[in-house]
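Structures are listed in the sections that come next.
The following pair of complexes shares a single chain, chain A, combined with chain B in the former and chain C in the latter.
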Partner chain A sequence: MRVIIEEMRKDLKILLAYPVEIAFWIISPLLWVVPLVFQGRALIGGLQSSAFGALAGTSEYIPYVLIGGIFSTYMFTAVWSMGNALRNEMFYGTLEHILSSPVRPLRILLGKALFNSLLSTCFVAVQITICVLFFGLTITLTKILPMVFFLILLMIGLYGVGFIAAALTLLIKEAHGVLHLFEYILFLFTPIRYPVEVHPITRAVSAIIPLTYALVALRGILLGVEFDFARTSLILLGIDMLIVPAGIWIFAAIERRTKQRGTLAEY
Partner chain B sequence: MLQTRGIELKNLVKVFKKKKKDEVRAVDGVSFRIAEGELFGLLGPNGAGKTTLIKCLSTLLIPDDGTAIVGGCDVNADPLGVRRKLGVLTGGERSLYWKLTPVENLNYFAALYGVPRSETKERIHYLLELMDLFDKKHERVERLSSGMKQKLSIARTLVHDPPILLIDEPTLGLDPYFARFIRTFIKTELHEQLKKTILLTTHYMDEADELCERIAFMYNGKIKALDTPHLLKKRMPQEQVLEVKCVGDIDDQAFSSMHEYGTLNLSKQDGFTYVRMSTENPEDLLSGVVEIVRDRARVLSVSVTSPTLEDVFVHLTGASLKDDTTQQ
Partner chain C sequence: MKRVIHYLRAINAENMKEWRIELKYKPDFFRQFFAPFVYLLPYFLYGVALLGGRFSEHLQSITGVADMIAYTFIGYLIMGFLNTACWAMGWSLRKEQWYGTLDTVFAAPVPRWVYVAGMAFHSTLHQGLIMVFQAVIISVFFAIAFKTTGIGVVLVIVALMVVGLYGLGVLIAGLTIGLKQWWVISEALNTLMVVVTPIAYPLAVLPVFIRKISLVLPTTYGVMGVRHLLLGEQIGYDLTTILFRLAVILIVWVTIGMGVFMMMDRYGRKKGFVSLY
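Let's look at the complex of A and B:
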């Protein structure tokens, strides 16, 4: 546990050493969420859309998109931050020193993931506050506990995805292209901006992505859209139980491969 | 074999495959044993396989064949056990977090190496005092000089008080003052006072000669010779070396008529060219060698010296330890 805390503390101190980066984390929640509202207004001219309601189970298009946009932050920070975590250590010149210590790399990655989850939570909290204050989103205290429950289930699964992203970086080094592709695929196949029921393929692929179920649950909780609490949580738990061991296994296999090929510290 | 508390290698092999059927045997059947508390040097030019060997021992590379035991732990079977007993120091500056202070860096690595929380503060205080960095403890690393960064890297390597140290080119890129400090520190503090088992790699022969109790010559992935510096020098068939220091470019072809009289070592350092001819009778060669040099360069000095480890290395391998040299 101490390693994880020290990893988080180290990453925080490095972040604080870059003032522009802090400005980004303060301003970007607003910049991220407002275009979604404007997009909704431009498309449907108000908050309601009956055509949209037939697909999504709720006719409240803007709140639907806002929830998708806000909570997908966790997905994208998991992919990007964990994908780039080892890349940054390569640039610092510290990767080999970390990997020659008696700590399993996954604990270090977990520290980085938790730090980024905390950052994402701050990011999301600011966005929700903006939406509550300016765009009519309502949150009651009774909604917070189930929201946190599903967010924890979501984050566990995302750590599995993050381990895979970190492994990819270890393997191909410059993983920006792949991570972008990963991001676009997630955008395409998860109900962030539209219901995946819009096409049979999106509906099929979305079934294996944890964010899909988390968004169904969060929209259910926040917008009152009907959803099966037990079934959704069990599916999320099941995906977590598959994706986390898969991420760990893939990372270990790729770490071993890089140690065999001597490409660990290569840029 | 597993009882050793030092380091033991047996037929260690590491092969890098580049393309199909194209491979480099970076470590090619290396065997040696380093006793507990010994300061052992691995001397060889760049590309000899020294760093690859260090990476195999520090579990950053998986050997293809052979065994390596570090402090009683097998690098393949028990890599975490190996890592607990090792401290790895490399040359160059990029091994620390530049945006953190020395205290923050050491605190982080103490956590990685499982130094108990109750001992960490005292240990960091001791190391910063030892490395004369206490006044800089709250400065960001990026504001420290290269020498100070290397001192801090040493402190980081020692933070968990490992019994075995792998030190890879420790004075690389340092100015003479800090290079001298690091060498003295390795010999007096780490070796004589703290009794660490040390494997030091270098391509500076003076460094190896000054510091190491035994030296292995490594070239093309193989150990070419292993002995004390004194006994390695005894392997030279000739007991004297004629050295001409000059300014200008000379290639070994110019000395083709002299090969039968001894071993030629032609090297460049700090802008000067050194022609070193190992021979039993330097007086007999003096005029011939000086004449060849004078036709091509400006002679600065002529002297007769004893063979150095570099001469022995050239004699045994036909290659020089320096990058910018030709030899025969």
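Let's look at the complex of A and C:
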């Protein structure tokens, strides 16, 4: 436990050394939505689309993409922060020191994951506050509890994704581009910007990504779009139970392999 | 003349060095050719979800182009060069810092801007290659037909826009010296440019204050000019105006970029934080 807390403290100290990063993570997800709003206006000339409504359950595309943008923060921090966690230690020249300490690397990674979860929650809270104050989003106490429930399920699933991203970095080193690709793939196959029902392939692939179900549930709660609470939470729980052990196993296997081959500290 | 040749050799050396480094990471090198497709598809699918198909009556009424896929594709294709400025050039110094080679590179007998120019040259070649590949695949896959009569002017517009973006790249590289966390600067400027440039929509849908900002960006004229020539978009400007404004923007942006870079470089060395993390 001490290791995890110390890792979180260290990450917080590093983050506070670059305060501009905090502002970036709060504002960017909201800004990324803006081109989609303009594109929507150019394509349909209004704020509602019946074709969109038939797929998404709501014809108002702006709240739809706004919620997608806000909650995708969790995904971005999982992919980027966890994926870059070990690469950054490599660049700082501290990777060998960390991995030679009498602690399992997984615990260090868990510390980073918990820190990212807390951080993402703070960012999302600020973003939702901005939406409540400026965009007329309404949140009642009855909505908060189920939201927290689904967010916890989402975060657990994203730990698994984060472990895989960290393992990828150990394996291929120059992971910046691959993480970008990973991010684009999640954009493509999850309902962040559009309902995945728009194409059979996106619908099929999205079925194994935890963010899909979390977004369905969160939009259902916030926008009043109909969804099956029990079914969605059970599927999300099931994915979590698969993806977390898979992420841990992949990370452990790749870490072992890089140590055996002596490529751990290679650039 | 001797000095120019000396600088050109340094620029090419930097270019070759980058190719070598990139080819060392083969999965990442090949990934760069396929990533733009994955990046573009969500914009197409978003449009299809809104329209229930590929063509938009409203888009046609305001731009003269009904094909949402072709319209969006040209916008994002041209914006690929923004990556050159924001990522490749902006990252250049921070990367050397991480590799531990920044001081060595800075000790070479060439001005600092030559190093950044080498990065610009390399990333233009690299990005150009990716874009040609992307253009061929997407055009064939989605059966997009382009007008080819103005292709020469298209190349001039793209060239002017790219040099204008070099100014932004040099500026980011300069800011990186002082602010260190380069990716935040790159990503923030990239996001702002993407929001303000009429990539997948015409200027007409932008709020007035954003429209005014977009008129000082090279990407606005680059995207509008190319789309006008290749797809026949009605843009409200003639080509001479677009070329003239691009030339003015190029001079202003490159001057500002070089100015900030030199100032930050001098300041960084005076304060001794060039090598700090």
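Note that the second predicted complex is superposed on the first by the 239 of 267 C-alpha atoms of A that agree within 3 Å, B and C clash if a C-alpha of one lies under 4 Å from a C-alpha of the other, contacts with A are read in each partner's own complex, and residues count from 1 in each chain.
We adopt the following convention: contacts are C-beta pairs under 8 Å (C-beta built on N, C-alpha and C of every residue); 3 or more make two chains touch, one makes a residue touch a chain.
Just so you know, these numbers come straight off a predicted model, no measurement behind them.
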| item | value |
| --- | --- |
| Chain C versus chain B, contacts on chain A by residue | C |
| First (chain B), second (chain C), both or neither touched by A:203 | neither |
| Which superposed partner A:28 touches (first chain B, second chain C, both, neither) | second |
| Which of chain B and chain C A:143 touches, first, second, both or neither | neither |
| Partner chain in contact with A:3 - chain B first, chain C second, else both or neither | first |
| Touching partner for A:92 - first (chain B), second (chain C), both, neither | both |
| Partner chain in contact with A:260 - chain B first, chain C second, else both or neither | first |
| First (chain B), second (chain C), both or neither touched by A:178 | second |
| Shared chain A surface residues [contacts with chain B and with chain C] | 18, 92 |
| Chain B - residues contacting chain A, complex | 14, 16-17, 26, 52, 55, 58-62, 64, 80, 83-84, 86, 88, 90, 92-100, 104, 107-109, 111-114, 117, 140, 156 |
| Chain A residues touching chain C - in the complex, by the definition given at the top | 18, 20-21, 24, 28, 31-32, 34-36, 38-45, 49-52, 54-56, 61, 65, 91-92, 172-178, 180-181, 184-185, 187-188, 192-195, 198-199, 202, 267 |
| Interfacial residue positions of chain A with respect to chain B in the complex | 2-3, 5-7, 9-10, 13-14, 17-18, 92-94, 96-104, 256, 259-262, 264-265 |
| Residue ranges of chain C in contact with chain A within the complex | 25, 27-28, 31-32, 34-35, 38-39, 41-43, 45-53, 56, 58-59, 61-63, 68, 72, 98-99, 179-181, 184-185, 187-188, 191-192, 194-195, 198-202, 205-206, 277 |
